[in-house]
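My questions all concern the structure below.
To keep things simple, chains are lettered A, B, C and D as they appear, and every chain counts its residues starting from 1.
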Amino acid sequence: MTHLLYGIFIDPFVQMGTAPDLLVQTLWEGLVSGVLYALIALGFVLIFKASGVFNFAQGIMVVFSALTLVGLNENGMPAYLALALTIAVMLVLAFAVERVILRPLVNQPDIILFMATFGLTYFLIGLGELIFGGDPKVMISDQLQLPSGSYRIPIFGGYLQMQKIDVAAAIIASLMVAALAVLFNRTRIGRALRAVADSHKAALSVGISLEQIWVIVWFAAGVVALATGIMWGARSNVSFALEIIALKALPVLILGGFTSIPGAIIGGMIIGVGEKIGEFYWGPLLGSGIESWFAYVIALVFLLFRPQGLFGERIIERL
Amino acid sequence: MLYREVGQYKTSYGADQALFPILQDRIGITVILLLAFVGVPLTASSFTLDSILIPVLVLSLAATGLNLLTGFTGLLSLGTGGFMGVGAFACYKLTTFFPNVNIIVLILCSGFFAAAVGTVFGLPSLRIKGFYLAVATLAAQFFLSWCFIRIPWLYNYNVSASIEVPTKTLFGVPVTGPTASPVTRYLIVLSIVALLTLVAANLVRGRIGRTWMAVRDMDLAAELIGIRLYQTKLLAFAVSSFYCGVAGAMMVFLWLGNAESESFNINQSFLILFMVIIGGLGSLLGSFLGAALIWGLPIVLRAAPAFFGLSIQSATAEQASFVIVGALIIFFLIVEPHGLARLWQIGKQKLRVWPFPY
Amino acid sequence: MRLKKLVLGAALAGSVGVSVLASQAVAQDTLFVPLFTYRTGPFANSGIPIANGMHDYFNMLNARDGGIGGVKVVVQECETGYKNEKGVECYDSVKSKNPLVISPYSTGITLALIPKASVDRIPILSMAYGLSASAVGADFPWIFNPPATYWDGMSIVLKYIAGKEGGFGSLKGKKIGYIYFDGGYGLEPIPLLDQFAKEYGFSVTKYPVPPAQMQNQSGLWLSVRRDRPDWMVMWGWGAMNPTAVQEAAKTGYPMDHFIGVWWSGSDDDARPAGAGAKGYLSLNINAVGAGYPAIGDIVKNVIDKGNSQTPKDQVGENFYNRGVMNSVIIAEAIRHAQRITGKKVISSADMRRGLETLSISDQRWKQLGLPGFAASFAVTCQDHNGHHAAYVQQWDGRKWVKISDWIPPMKEKVLPLLYGAANDYVSKNQPWPKRTEVCDDRTL
Amino acid sequence: MGRSVGGPILEVEGISLSFGGVVALQAVSLDAREHEIRAIIGPNGAGKSSLLNVINGFYHPQKGSVSFKGRKRRRVDPHEVAQQGIARTFQNIALFRGMTALDNLMTGRTLKMKSNFLHQVVYWGAARREELEHRAKVEEIIDFLEIQHIRRTPVGQLPYGLQKRVELGRALAAEPDLLLLDEPMAGMNIEEKQDMCRFILDVNDQFGTTIVLIEHDMSVVMDLSDRVAVLDYGRKIADGTPEEVRHHRAVIDAYLGVAH
């Protein structure tokens, strides 16, 4: 018993104190995976904000876009051309989704649209495997001039190992967030998006075509997915197993709220760091592998105290 | 003109509130039950039983469970797989503790363990709604499947970390384990499913069902009418999880004969959710139709090429079936967002006025 | 409205379709060998080359020799996606068509099928995977898992490590990390590992990888960096393998102290890590490379004729050859059965006898056009595994290189565990069918 | 009117309610006597609905108390209030849209149903008997409100006027002692209004139910109600018989919007 208590309340902090370099490393790893979760969550948020659709397919869009990129390159297309073409593919996908799924299902209850994106998920899984085969692909990091190798920074007598690709991921993520922030707050489209977010009727009355908005957000989400796919693909490789990890974006959404871009980012950080710290310092107590559910429990506990998330709008019930 | 209730007058509220007020429906259900209990066992091949009928029935029960929660009470849950797992492992432990108790009793009892766990994970529903709740139930899903592997006691410390179904007999006839004939297992599954479906039907047409639906349609108004939200929601979670638990137990003991943590992973939860929504939220019939479609479709698709004499790589067929299932889900949602059950209603409506268009 | 009619129609058609299912019979004068494969899903990277190897070898036999003993081999793949339900469904769909032997290619599916097959009297060949205990022929007459069990594998790994450290004596105080797929497959070796740890005084740290975390191991490898194990042993599969190798490379773990079981040694496992993977070790039970006459025949008769899904450059890769080996064992067992029974078209019962008397000498490997392809091996009525040797290979950055001799397992340690486990299994699954099948005289 | 107005059944004393900074009600007191029809009027945002929400426990006031049938209460949950015999309808209809009119009314009787879970499961014996009894009661109300023809229609598909009627039915199904009606005639045409008036009077007459109603249509209020209370900016500015109120200075100001 005392041993357990020690393991829970004392030992981890002793470890943090005695090996601060590992603590820093853990935080760094947490931040990096947090960034990737955040990127996936960002895709969710964009679409949810503008079309109220809980897009379950975001995860598979990550895999699909990355597969397309690598697949095109494998068939002898220069990397950057492939990249451009993949972006084009995501645009086509956005149009298709708007045309085939959203438009016929407009004004349906959320859960129906949610299910529709499930259908989309199945469809993309099948299509991806049909075209590119089920075998995992190696991300074409070099052709894309993504940095490889790592920085090794001595700290606290130990060292901090930073993969260059992870640093790149962090930078690219922040750039994308910045870009999206500008898109949302500075441009006409952005105002339109927010109008739609507030109320579809309002948007229409301002004379904005919903269809355009949807295409735009789905395209944006597609690009975000591509970026995520490239980053994660470069860390391990591009395979359909990635799709499962995409679920980790859900607790991020809970923390950040479904409609807040900064929420997605900060939520991602909290989840990423939280689960890494949890696994690293408390995992061994429970026989490890708690990373698979720890994030959800963090989110769950958090929910009980703040049902609307970090930045989500306050819910006021009225009659 | 065959199918119509004209001329069938209800002389008492009792008659009016019967499960099947219309004569043709009563006849229909009788025929179906006769076929299921007598016709099928006599004719069906072991493949049809083992790979189509038993799975569809088991999954239908799970879908019914989820439907009670999501369709009738309006609480979206993604933890179905986990709750099925609880039922399965509970049943396994029960068989080791009470080796001599009738296995069917144990299967039903294991539902209560699932109900208990489900209620605990239902507690957040008191504070949160909609997708937030859905994600919260994911915590249940992942935590449970982690428990199923990390707590060896649950699988009696088998090195394989999986549960093997022992052979249990009933009146000398083996009903579980490899020696049990598909027909026996099918009949037991069918009986349990039929029984529990009747129970579900009774619940949803009575007071409890109405309070559930009231909470679903407008929880605040329900509260002002005097319905206790907390109790109602938790009851829904308990009953729903009970059904899922029994389904899980049957899945292992009467269908697969073996299971490990992965058998109850997140995809299981999603699969059941498909069935409920494609079948029709808030419709018991829908749960069955949905299960039949979602489970049957890939099998048909896999068999189709060979049936038409084409030779297609099994992998390709699998991938194609993914594409088609995905497309069909979208297609169905567009054609009839209220699911197959509504289509059935429409079909009946047509039948009612047949041969006239209106 | 029209749409809705259409849908009603479709639903109807579907239900009709189902009824015509299990009606695809297999011609009677053939040898029916179903292959459970997975070219889809998160384990496809391991599944595809194996499936290709298995398939191509049989096609080659049909094309080159017109089958086995003059009888065509009918190969039918069934896609399991590594899912247990799918595996069971595949089994149900083939069991009525007199399949000679089932190769589940998944420990989970194998576990699900062991009881069924023992009742349906269909042999199961789980080549170096599945339930180690099923090697006990007295209890599992229908299950075969040559050439070595996971426990043999673990003992070989430890033997190799001990060799590098200067004998088992010097393992004392060493720290060995065990990273494994968090499922039956990865959990199985643990009893043996713990036992050795007790005996030789080294410590074991376990790093389970949950299926959902296969590609998210950075946290785990941080722990490795903290715990500084002297050796890392891996029981990985699917997408877990390449990720582990990459993370190990990132953490700067000495790759020549990181050794995987024979299922963690695919070319696709090492390749993604690029130069970082250089030095990574893994066990192997079959030779790599395309430089064998038989494989030449495959290329000539199957691949060049376009009757294969295999990209030519993947012929001879480790898992491709693994698949070939699987088919060779089946083919040889069929020949044995044909010889014992004198029949050309054999039944699954005959096949079981064939498997039980199976032995492939170095001489025979040579005759098969695969000299030195695998250790000479034999299974017996009592021992359905044989506990044969494996060797250690190393990734040189481009391909696998054999760096050790064939290392025999420590049978004396493995067997007690094995019989214990078999008894445990049988006692937990009472009533377990008693063996009635008689043992054939090998000299036939 | 041939009914005897009794002593006060509902007493609201010094209720103050505010959300964050926004003050909704300020020291509002009013009472309702048994069998009387009590109206609350006032411009939009005067706090009428908030007052009803306080009375049936949906909002919890910072100050003041509500006593019903002599039982004083400070903070209660809505379902307790319902148990004490207070039912209500809502400004913007709060029916269970997915359920049929019949089921909506049956739901209104939830509190009166006692059969336990097991009986429900078998739907036999107690549960079944109960269902039928209550069905009979509900049918009475259905006849009373003349909505037989829409029994089996999901209320979501009903026109506005009928929905209002079903909602009244749901409230009546609970056989309340006090009935709170929040703008029962909003958005109705003349005929519908006349029907609704008739129903309200009959309810009050036949069942002797006390009624507190919020209404904008002055003529309706003046005809129906025994006493009228006037709210403005969360304060009660007048209270009395329709006659008194009609000539009350502050009321006229409030409605003509004279600056205070």
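Methods note: a contact is a pair of C-beta atoms (placed from the backbone, for glycine too) under 8 Å apart; a residue touches a chain by one contact, two chains touch by 3 or more.
Just so it is clear, the structure is predicted and the values come from calculations on it, not from any experiment.
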| item | value |
| --- | --- |
| Chain of greatest Cα-centre distance to chain B | D |
| Dominant interface by contact count, named by its two chains | B-C |
| Inter-centroid spacing, chain D versus chain B (mean Cα positions, whole Å) | 42 |
| Computed distance of Cα centres, chain C from chain B, in Å | 35 |
| Whole-Å gap between the CA centroids of chain A and chain B | 32 |
| Set of chain A residues in contact with two or more other chains | 129, 134, 244, 247, 287, 289, 292, 319 |
| Chain D residues counted as touching two or more neighbouring chains | 58, 90, 94 |
| Per-residue overlap in chain C, given as positions that touch at least 2 other chains | 38-40, 182, 208, 210-212 |
| Of all residues in chain B, those that touch chain C in their complex | 45-48, 50-52, 55, 142, 146, 149-150, 156, 158-162, 164-167, 177-179, 256-263, 265-266, 289, 292-293, 296-297, 299-300, 302-304, 306-307, 313-315, 317-319, 322, 331-332, 335-336, 340, 343, 346-347 |
| Of all residues in chain C, those that touch chain B in their complex | 3-4, 7-8, 11, 14-15, 17-24, 37-40, 51, 76-79, 81, 84-85, 88-89, 92-93, 96, 107-108, 111-112, 115-116, 118-120, 131-133, 182-184, 187-188, 190-191, 208, 210-212, 309, 421, 424-425, 428-431 |
| Chain A - residues contacting chain C, complex | 15, 19, 22, 25-26, 29, 32-33, 129, 133-136, 138, 148, 150, 161, 163, 232, 235-237, 239-242, 244-245, 247-248, 275-276, 279-280, 283-284, 287-289, 291-292 |
| Chain C to chain A touching residues, read off their complex | 38-42, 44-45, 47-48, 182, 206-216, 218-220, 222-223, 225-226, 238-239, 242-243, 246-247, 250-252, 268, 271-272, 274 |
| Contact set on chain B toward chain D in their complex | 12-14, 16-17, 199, 202-203, 205-208, 210-211, 213-214, 216-218, 220-228, 235, 282 |
